[in-house]
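These notes open a run of structures that come right after.
Next come two complexes built around chain A: one with chain B, the other with chain C.
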Partner chain A sequence: MIEGLALLDLGVSPYSGDVFHETPLIIYLFHFVVDYAEITFMLADVITAVALYLAVKDYNKQVFRKQKFALEADRYPLDCLELIRSPKEMYYIPLKVAMFYLLNPFTILSCVAKSTCGLNNAVIALFILSTIKGNVLLSAIFLSLATYQSIYPLTLCAPALLYLMQRQYIPVNFRRASFWWFIVQYAFMYLGSLFVIICLSFFLLGSWDYLPSVYGFILSVPDLTPNIGLFWYFFAEMFEHFRLFFLCVFQINVFFYTIPLSIKLKEHPVFLIFMQLAVISIFKSYPTVGDIALYLAFLPVWSHLHRFLRNIFLVSCVLLACSALFPVLWHLWIYAGSANSNFYYAITLLFNVAQILLVSDYFYAFLRREHHLTYGLYLKRKDGSEATLVLK
Partner chain B sequence: MGLLSDPNRRRALISLLTRLNTPICLVCYMAGVAWFMGLAFEPFTLRTYMSENAMGSTMVEERFPAGERALATGREFAAHKKKVGGMPVDWLVKTMQARGLEVFTQSFSRTLPFPDENKERYMVKGTNVYGILRAPRAPRTEALVLSAPCSPGDNNQAVGLLLGLAQYFRNQIYWAKDIIFLVNEHDLIGMQAWLEGYHHTNTTGMDWSPLQGRGGSIQAALSLELSSDVITSLDLVLEGLNGQLPNLDLANLFYAFCQKIGVLCTIQGKLQRNDWDSVSGYSHAVQTMMLMVMKQASGRPWGDHGLFLRYHIEAATIKGINSFRQYKTDATTIGRLLEGMYRKLNNLLERLHQSYFFYLMPSLSHFVSIGYYMPAFGLLTVILLLRALDLWVQLTHIFTGRYLSIYSACIGNSPLLIKYVSSQQSSPGVLSVLTPLVISHLTGVALYTLPIRFQEMAVEHFPVSETEAVVLTAIAVYTAGLALPHNTHRFLSGEGTEQGWRVLKLVAVLYLAVLLGCTALINFSLGFILALTLVPVAAFVTPHIPKVLSAFILVILSPACTLLFSVFFFQELQEMPVSFQDGWLLYLSVISQGILDHFLYGSLVYPLIALLVYPCWLLFWNILFWK
Partner chain C sequence: MAAYRYGYSAVLFILCGLSVFLVTNGQETILTGDDGAAAVDSPQTVTETAEQTAEQPAVEERQWEVTEVEEASPDEAAADKQDASAPETLVPPSVPRPKDDFQEELVIRPLHSGDIYASFQFRTLWETDFMRGNKVSHYRLFPKSLGQVISKFSVRELHISFTQGYWRTMQWGQPFLPAPPGAELWVWFQDSVTDVDGTWKELTNVLSGIFCASLNFIDSTNTVQPSASFKPLGISNVTDHRFLRYATLPREIVCTENLTPWKKLLPCGTKSLQLTELPLFSLQAGLAVLLKSEKLFHSSFHSQAVHIRPVCEDWQCKTTSWELRQTLSVVFDLHTSGQGKREWSLFKMFSRTLTDACPLASSSKVYIDITDNPEGEQFELIPATPLLSQAVVLGDRRTFSVYDLTQQITFGAVRSLNLLIRWKSTEGDMLRPLLHGERYVAGYGLQTGEIHTLMYNNHPYRSFPVLLLDSVPWYLRLYIHTLTVTSKAKDNKPSYIHYQPSKDRVRPHLLEMLVQLPPNSVTEVTVQFERALLKWTEYTPDPNHGFYVGSSVLSSLVPSIVAMDTNSTQERPLFSSFFPCKEESSYFVRVYTEPLLVNLPTPDFSMPYNVICLTCTVVAVGYGSLYNLLTRSFQIEEPSLGLAKRIANIIRKMRGVPPL
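Up next, the complex of A and B:
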């Protein structure tokens, strides 16, 4: 960031060296606040926390209202009444979400390191807030800002569309004209604001060379500095011949889960947002711990699922141990010279596997609760004996 | 993922682990200790071998002739040292220049946080003198270091030999790397100043003048300690700061040359024996290995080489020992040995990295690598994980027990059921665990900061010296922490007490497991010794065991008492057993040295124990006295 600002002050394009990969709007923002950088990042974190607080409060109200209607319509079988959520238990959840985000060691670490991830998180949190409040225009604008920063939030289009359609009582059906009309509207707003932002960046800097620097960098992964992601080790080891193939495979992996997840979770778009955020932060090309902090902040919203979670103990132990081992093995590799990159990558792999296990565990618990709400808590086979639910 | 998703197999495995938890823990502990003791048994070790090809094949005849002249130079150095009363800087500069080296000096000064009683220094000021022999035909990108510490009254022969070698090396044409001949004052403090100046870092707050001349990146270094004209054996010292060890190839190089030239070589001062299948032979090997483990666990550099390791420079110290043996080796032979070692190091194309960095040596020709000794530690950590699993299962049973009882009691009465359910549901009280955690860590912070801060106040009010004040304050804060559980209960809003201590124990056990794992990766010996004493504590403490006996056992197994026993054990292993009085004084000096090492060289043992291990142990103390 500082290099980019220095180059800008000298009148040279900041993207001419291979060091700077942030978007032009961010440079201009920092041009004004570079002396108050710490306050800016703290402010970004506070904005994220407040946005998440308001979003979750609104979401809880809607969940409770839907639950009340379902109870009155007598749609729940009798024996699953313990799964019903009460306002008293849901009262503290927004506060817990904000606290989870602010007090997470990962958030504090990324704030201290002055990583621009804090600003990305703020934009995504504002997007979530505007989507849940039902404001279509603001949601499209914030989503385009988030996509402008890094390409991956594009996949959050699908849950946003599903949620807004649900809120406006438009049925999700391919054959309905209102469905397509709404998609066209949203796409118009989204693409329009994206276009405006890109042209603004062009006029600010006077050239198009930020496009390959920012988006080409994210997509083609030229820099292989070790981080907590999965890309660097693979790309350091493979031959040039196959690089394009593996690049396509890895990048498609990020976008691929949108379609199946949207089909499965079309009734529950907020959970879909959570899953998408998690998939993005695990599989993106340059993840940071700030991304992880954002989706971990959502966990209190699903705290009612804890009785269906099966591997939470193992997962939290592994996540804790890996977070502690990251700096130790980095030190041993880079400073002491006694270990090598394999040790560090082993911990990275373990960390990502634990995150995947965490996300899939929550997915299982969510689906299982929905299943119980439809079919009853204590399942009986046809002859009346006790049955167990097995995920095949 | 059959095991993780199939509920029947999961339940079977988990019930097996919970039923047999205590027997499995005991078996694992015995197995871990037995595995560790078995490491010294010769059939389980590997012979050392040279891994670096560049150092392997040259057949060279060493021709260093000037041993006697080196000893004469050493006597001259001693005389000048006595005359000046410290380091004879001008004489050294003149002598090195006469031998054709580029000579530079560096002055440094440091005020210790409190006086060092072992070496009797408080405000240290000194000068390092070093001469660079430039490689005649190669670009000046790499360097080797030969150093000899200048101590009052000792080590004169080493400086003489260093100067003799400098003169001999100057006449040779085959040097491809620069050789730096360093004489440092005030041993480790001077060495730290020189290294910081060379690498432009300043991690310990020392004042030093910048170095005028440099030689390129240092590939290897040797430090000489020679205090007599003839020796009977050469001892190799490997342990460095924070338990870091040089690459095993350096030890292999030393051993290969001792075999070639025919000098007796020892490690930990012990000669290796051939009768590994007898009891006394095995116990000899165990003693050598335990000495290495103790030295590595202390985290202090046991020779001037210890500080090089942090900068990724392989270094070792060679000590000459003169004991009661018939065959004596003179200075010329030692010179030839060093010449041979340096010629081999001269051939290196890249830094030593082929051989192991983590190893234990039961003798100089056998070693145990990390793959063989880590399972011993792993077995001890498995106990902690099994205990954590057991506690988790107990905690979840407490919850599902509540759910089932509610369901069976109130079936059919929906609105009342909802109210009852909502009043009973409570997530595991993680917040109630927070208070003991915070208080334990605050005590740890007090143990870390108070001894240094309050030494002036303590000296005013009590008739003790500053060092004693620091050490006694540390012991006082440590013992005051023992009184905590009786007071923290006033602040605790203990949730259902049966659940509360289980949650605290789960957190404490996982915390200890992660802490010991990270410690063992950096310094295996320290991690293993802490695991030996703390894992039984963690596994068996509950509020329901007899309090007086278990309080006594907990104090015996606490880090401070472990240190006390290690001091006595270390003296026993070195065949210099001490009486209780002397042992206690030695213990106090070990604590003060540990604190000084942290402030002077950045050793991590003292902050680790004060800020992380001691609060963890306090958590278990808390659990014992849970009401």
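Up next, the complex of A and C:
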């Protein structure tokens, strides 16, 4: 980052080299605030926390209202009263979310490291806030900013669309004109703002150098510096002629889950946002701890799912152990020379498995709760004995 | 017949006498010792030389004809087969001077560390134009392989060096021809070349074949275009660095297989003369007999180079010619291998003695640096020579004993010259080199590091600017914002910085800057870098050995103690005329620092399959669990019956009884 500024000061295009991969807007932002970098990153984290606080507060209000309507309409089975959420337990959730984000060691780490991930998180949090508040234009602008920063938030447009349509009572129906009209409206705003931003960067720099340097870098994974993701060691050890194939598979994998998840969760766009953020942060090409911190902040929102989680204890133990082992094995490999790359790689594998299990566990619990809300909590078999639910 | 011959030699006598006079004049030769004896000796010497040179054109003529044998008439061919010294084939003396010229010389400098520095220079000048449309197909002294390279690739200047070992400037002083360890190649192309990179790629491959070296490993990842450090050394008005390519291979190991093709380029250094079916020459002649690989590579430093450039023929630069300079420098560590006796001789160093000059050479000389030994108190030189010469080289006026191999008297009665130096004392200190560079990597671990370059200005009161060139491979990611230049504990801001960042797997970092070195100071340049993890196929076969980073190049105009000679065309010893000198008060010096050896983090090379399988498993776990949840729905579990019950049911069904 600072390197990019130094290059700019030298009159060299920061994108002519391969050290700097941030977007032009970020570099010009830092051109002004470089002396207050610490404050900027802290401010970004605070903005993220406040945005998440407000968003979750609003979301909870809606959830509660919906629940009240459903109760009044007697839509829930009688034995589901245990599952109904009380305003008392929901009261502290927004605060918990903000604290979960701010006090998360991962957030602190990425703030201390002055990773621009904090800024991306702030943009995504603002996007979530504006979506939940129902502001279509701001939502599109922040989404395009997030996409501009790193391509992956593109997949968040599905939950945003679903949520905004739900808010405006537009049915998700492919044969309805209003549905298509809304999509066109949103797409126009989104693409328009993206276009404006990209052109703005072009005019700031006077060249298109940054496009391959930023997005080509994200998509083609030339930098194999170890991180907490799955890509680096895989592509370091990959046979050259299979490289392109696996690159495509791995990148498509990130975007692949959007459509099935949106179909499955079309009634619950906020949960879909959570799922998407988690999938992105696990499968993106250069994941950082800041990405994880963002989706972990949503966990208090789903605290009512805890009774359905199957292996939360194991997963949280693995996550904690891995977080502790990362620096240890890094030191052993890089500095002490007594371990090799496989040790660190094993920990990244385990860490990612734990994240996947965590996310799929929450997904399972969410689906199960929805099932219970429709069919009753204590399901009976035909012969009256107690039944167990299985996925079939 | 005899009379004819005598008349002939008389003319040659005059010619040679003139040329000797000219040469001695140019070199400010002083005749020391007994003047009378020298005066008595000289007529004999000259007559001998005259006879020798009388034979020389004959030889040249003969070779000239042999190469053109298809066109030669039958009579001439028959004449060729006659007596080798047949006067019919002699060239009339009125024929204009041949357009090419070959000179050879050997400089021997006893170093203060007790080592011996021997530097061979062979220069071929050829007044021709490779670039014109007509193809140059007639080669005499100039090697054809290089001539074809020049014309095919439109080369303006070509400099290539292969070096084994590192030149220790602080112990040995400045070399006549600096070279970095490993291979170095820099080429200026003609401005008519459109695809410089493509031409460069082809050229490196061709040179790789010519010199049997791994120059084909030069690609865009180690090629840079320095903007200021490498100016053309010959005549040139092009300074657009788009036509310049510079590359080093610090890992290159120089050995016999590089020496043999290099020797083949010499007119007298090759056995191919045998092919002319004229058993007149010994297989090798002149200084080239000393180039025996088993001795040359048993040394502390060995550097061989080829420099091709266009030079001016005369003072007004009316005619230009191509200069091919083949140089070979070697430092023998005789102090330790001399069995306690501090004495060396040509035979001890090269296991050969000199017996004649190269018959094709217009001058063939051995210079011994005796500046530090004016009264013979440090060492004794046997045989002594009356001929002394002074030359201004590297900012210092040095005195040399000269042995002219074209004169028969040099070889004495035994008809062989075996120079011997016997040391008398070990005292004496060297003038410290004014400019000196060092480099090292600091930091520990395999993540980051810091490159330190130290530049010493040992001049007591003058400061001078230095151009520093650093070319760092892409896998060390330099952070230019961490660049600091300090001298005397103060920030020393470079007046010019040219930085080109690297691109992964495409091009290296290039950092060039102009730093003013204060007098009597050390200037330290530091820059931090991060080490990249490479793909497993990009590592060398011995990855834990580390990766080499080429030497930094310090180029500078160092203030000179004595006035430099700015006339580049005047007859001067070859070793003092390599770098053109523009002004009298300073001289050009190029110093190479040590190459660096940097360790990179390595993946485990034994398990690509494992890694691919394990990572794919993790992705599949993610995909599988999400797929599971997405496609299935919750249902009430039907209790599955036990195995015994199921078998019982099947039996009951067969019996026609309702199941349990």
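Descriptive notes on the structure:
Convention: the second predicted complex is superposed on the first by the 391 of 392 C-alpha atoms of A that agree within 3 Å, B and C clash if a C-alpha of one lies under 4 Å from a C-alpha of the other, contacts with A are read in each partner's own complex, and residues count from 1 in each chain.
The definition used in the following text is that a contact is a pair of C-beta atoms (placed from the backbone, for glycine too) under 8 Å apart; a residue touches a chain by one contact, two chains touch by 3 or more.
Model, not experiment: these values are computed from the prediction.
Overlaying the two complexes via chain A leaves chain B and chain C side by side, clear of any clash. Touch criterion met: A:H306 reaches chain B, while chain C stays clear of it. When the two complexes are overlaid on their common chain A, residue A:P260 makes contact with chain C while staying clear of chain B.
Of the two partner chains placed by superposition, only chain C is touched by A:I356; chain B is not.
In the superposed model, A:Y335 makes contact with both chain B and chain C.
With both structures placed on the common chain, the touch criterion links A:L325 to chain B but leaves chain C unconnected. Touch criterion not met for A:L138: it reaches neither chain B nor chain C. Contacts of A:Y233 after superposition: chain C is touched, whereas chain B is not reached.
Counting the residues of chain A touched by each of chain B and chain C gives the higher count for C. In the superposition on chain A, A:K88 contacts chain B only, with no contact to chain C.
Between the C-alpha centres of chain B and chain C, as viewed from that of chain A after superposition on chain A, lies an angle of 60 degrees, to the nearest 10. Of the two partner chains placed around the shared chain by superposition, chain C is the only one that A:I282 touches, whereas chain B remains out of contact. With chain A used as the common frame, chain B approaches chain C to a shortest CA-CA distance of 5 Å. Shared contact residues of chain A, touching chain B in one structure and chain C in the other: 335, 337, 357, 388-391.
Taken in their complex, chain C has these residues touching chain A: 444-447, 474, 477-481, 497, 499-505, 509, 530, 532-537, 601-604, 607-608, 611-612, 614-615, 618-619, 621-623, 625-626, 628-630, 632-637, 639. On chain B, the positions that touch chain A within their shared complex are 4-8, 10, 244, 309-310, 312, 351, 353, 357-358, 385, 388-389, 392, 399-400, 403, 406-407, 411-412, 414, 417-418, 421-422, 425, 427, 510, 513-515, 517-518, 521-522.
Residues of chain A that touch chain C in their complex: 2-3, 5-7, 10, 12, 16-19, 222-226, 230, 232-240, 246, 250, 253, 257, 260-261, 264, 279, 282-283, 333-335, 337, 340-342, 345, 349, 352-353, 356-357, 360, 363-364, 367-368, 371, 379, 381, 387-392. By the touch criterion given at the top, residues 78-79, 81-82, 84, 86, 88-89, 303, 306-307, 310-311, 313-314, 317, 320-321, 324-325, 328-329, 331-332, 335-339, 357, 388-391 of chain A touch chain B in their complex.
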